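For reference, chains read A, B, C and D in written order, and residue numbers begin at 1 within each chain.
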Amino acid sequence: MNEREKALSKVSTLEEALKYINDGTVLMFGGFGGIGNPPTLVEGILQKGVKNLFLIGNDTGFPRVGIGRLVTAGRVKKIITSHIGSNPVAGEQMHRGELDVEFSPQGTLAERIRAGGMGLGGFLTDVGIGTMVEEGKQKIVSLGKEYLLETALTAEVAIIHADRADTFGNLTYIRSARNFNPLVAMAADITIVEADEIVPLGTLDPEVIVTPGVYVDLVIPSGGVNWKWAWEEKKGT
Amino acid sequence: MNEREKALSKVSTLEEALKYINDGTVLMFGGFGGIGNPPTLVEGILQKGVKNLFLIGNDTGFPRVGIGRLVTAGRVKKIITSHIGSNPVAGEQMHRGELDVEFSPQGTLAERIRAGGMGLGGFLTDVGIGTMVEEGKQKIVSLGKEYLLETALTAEVAIIHADRADTFGNLTYIRSARNFNPLVAMAADITIVEADEIVPLGTLDPEVIVTPGVYVDLVIPSGGVNWKWAWEEKKGT
Amino acid sequence: MGLGREKRHLVASRAARELKTGMIVNLGIGIPTLVADYVPPDIHVVFQAENGILGYGPTPREGEEDPFLCNAGGLPVTLSKEASYFDSTVAFGMIRRGLLDLTILGALQVSEEGDLANWIVPGKRVPGMGGAIELAQKARRVIVATEHLARDGRPKILRACTFPLTTRKSVQLIITDMAVIQVTEQGLVLQEVAKEYEPGDVVQATEARLIIPPHVERF
Amino acid sequence: MGLGREKRHLVASRAARELKTGMIVNLGIGIPTLVADYVPPDIHVVFQAENGILGYGPTPREGEEDPFLCNAGGLPVTLSKEASYFDSTVAFGMIRRGLLDLTILGALQVSEEGDLANWIVPGKRVPGMGGAIELAQKARRVIVATEHLARDGRPKILRACTFPLTTRKSVQLIITDMAVIQVTEQGLVLQEVAKEYEPGDVVQATEARLIIPPHVERF
């Protein structure tokens, strides 16, 4: 690396990254049904023994897949999410009162995270009007139509899984593993990326970068997925 | 093209595209300082003699560049925009009362167009609080903080300039010509794209597509830029 | 899921006959997911998924699954030639903006008026709404594809839903292992009955009132 | 623009000395744009533009301009190795979220309290605010780089702005062809004076009150 590349580099280590994730941290995660959840960071959080996490993300994965592993291990105290159906452990913890679950419709949740990342206060949507989703929300009339005010979400730390990262933190994702990753990348004070490949500055075509490096604080190498996918397990039995 | 490709094709002609753009049409345009304005469609609108257009877009270009040509030719009745400073003709028309200009801060304007494209009613921002930008807007308090409610914008037709389009209307842009193009592409009932290159289905890598084809209604070939850039003219004199 | 493999696939293949060339289509979790494997060869639709794909195809052959190419239910799919990837705000932007011609969803309960309940079993299971509210509220056409009876044998098609609603008056067609039922202004109309049943069987398994026209098709 | 080429470049080169390695920096239209050509070789900053670039470099050599690679003022730039492109919502998302360490903007008027007016000359010119409000309101540090006097010879640095405001209390440093002035809680402090002027010249060309410390640097 030349002097400029060094000055702009965010390459770090798992150990360094885990310093930002502690008991009670408000933690956003990328991924959808486990796909795009960062395996090395999840494993690191488990190993470090962090507990009482406040998670924000699309879903609770599967009991032995992705972010679901933190739930299964009892490390999560609260979650704002859209779906826990694929992880029965989350449902059991919720019914026992061990896990506080706040549901947001999926598109609304994605948009709330983006709003946080974009420095907005919230947005108006008619999604969920006339249903339980209304509860506790301001209703706003604009141009003669009624909307719910959905508030922006931010977090202390975001953990994401990228395909390629350059040393400045410019990111690309792989296929459907993109999902919530670019959104949470923008919405946290500290964004930690594990990347399957870390490449020198100038390697990524500026046209295909999905997350600009300005959003990224630390880039660490990914050890890859260390779980069996739910559909693999099903076939195995 | 096989049967499937034919069924999904949006390839059309300038003549066909211009049928959607008529006197009084609410027309969004991509581009920023002329760059990314669609030259062939602008020329077509001039040739067709369309007038009283209601434009929505970042700026009025330069008098002889891009969307500015429509202003210079007196074809625009109203515009919602963030900047007309590079086009003195627009300023003169505004002062003579011929052109109705509604200003929105640039980031707010971009976000209002996106909100329209995303099916949202509007969003909360503190940008412009305590300035003229407040005028006529609802103030909303959310989580103890005061915001302006900025409303979503949509249009009847959007005209955009893409680099490559496949026959389904998947689009990529070129460098800084991206700017407002992917935003207006989402926010109009009919989105018309002129592309420098129209390629067969399957040519574009799904990872690098910026505008998914579902947003595009017609794809026509671009004749390329038919004006001199402002900085070229300056050098010429 | 309560139903045998054959019945689930019967529902999916019948639902696939509702696809029309050019449609943008979203498939919910469960039986609806199977519809992607039953698209008639002369019909060309584009499947969309909430996790950020437009343009996916049927289930890959065993051994050819890609863990990073899955639908919103986390199951492997294949890619179509028109495909693009994007983040989930864009996926839901398409949905909210009304660009989906059709969604096929599962249901816990459906009412005579087309109300849908599919995310809470009070006191039992609260899986969360996922993207169901957006889809049921915003798609141009909403079809429910489901078992006719709940796992406990109770009817799912009711005069009024007893579970919390996903949306009001959004379902236009109900396809089950027993019947195809249209939601109309006049009420539920029995359009088709599965080969092994008679209209009377459907009436018995349905709490809602059914209008039975003189001619009922078989499927 | 009222000032000769040399004076405009003097202001830009002085403003460039405010850059620090690692900064994300946005440059406004006019004199600020020129700053990209004066980055000291040992300073590594990343320039951002509202039209959707993060990571651009100095003006290209004549004949090497790319019409599709321009800054927010529509002038050709070059690309840095860390560059990425994005749409304008993302460009402004970065700005609103406070990720810009520094913006250097032009001004019609600046007040003693750091109020900025740069988008309307009442009754004359209403160019529009462009991205100035977001930048002045949200960047961590706001520097104004401008001619000391307006084109008509009137002072731009005032006790209070008379033109409509872009933002209140946002400017931290004012760099002109005559002086470098810091906006502090106590008022405007004259930090530096251009070689060809004396502090008294600056006072005379400034309507706002200036605090003149015992030692004033030259630039």
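Everything below uses one rule, namely that contacts are C-beta pairs under 8 Å (C-beta built on N, C-alpha and C of every residue); 3 or more make two chains touch, one makes a residue touch a chain.
Just so we're clear, the structure is a prediction, and the values are computed from it rather than from any experiment.
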item: Of A-D and B-D, pair with higher C-beta contact tally; value: B-D
item: Furthest chain, CA centroid comparison against chain D; value: C
item: Centroid distance [mean C-alpha coordinates] between chain C and chain A, Å; value: 28
item: Chain A-chain D separation of Cα centroids, rounded to whole Å; value: 37
item: Chain A and chain B: spacing of chain centres that average the CA atoms, whole Å; value: 32
item: Numbers and ranges of chain D residues touching at least 2 other chains; value: 85-86, 89, 92-93, 95-96, 138
item: Multi-partner residues of chain A (at least 2 other chains); value: 111, 118-120, 125-126, 173-175, 206-207
item: In contact (per the touch rule at the top): chain pairs; value: A-B, A-C, A-D, B-C, B-D
item: Chain B residues within the chain A interface of the complex; value: 111, 115, 118-126, 138, 140, 142-143, 145, 147, 149, 151-152, 172-175, 205-208
item: Residues of chain B defined as touching chain D within the complex; value: 32-35, 58-59, 62, 81-86, 91, 94, 101, 103, 105-108, 110-111, 114, 125-128, 130-133, 173-183, 210, 225, 229-232, 235
item: Chain C residues within the chain A interface of the complex; value: 29, 49-53, 62, 65-76, 85-89, 91-93, 95-96, 120, 125-134, 137-138, 164-168
item: Partner chain B, residues of chain C touching it in the complex; value: 21-22, 24, 42, 44, 46, 48, 54-55, 79, 81-86, 89-90, 92-99, 138
item: Touching residues on chain B, where the partner in the complex is chain C; value: 3-5, 7-8, 117-120, 166, 168, 170, 186, 201-202, 204, 206-207, 209, 212-215
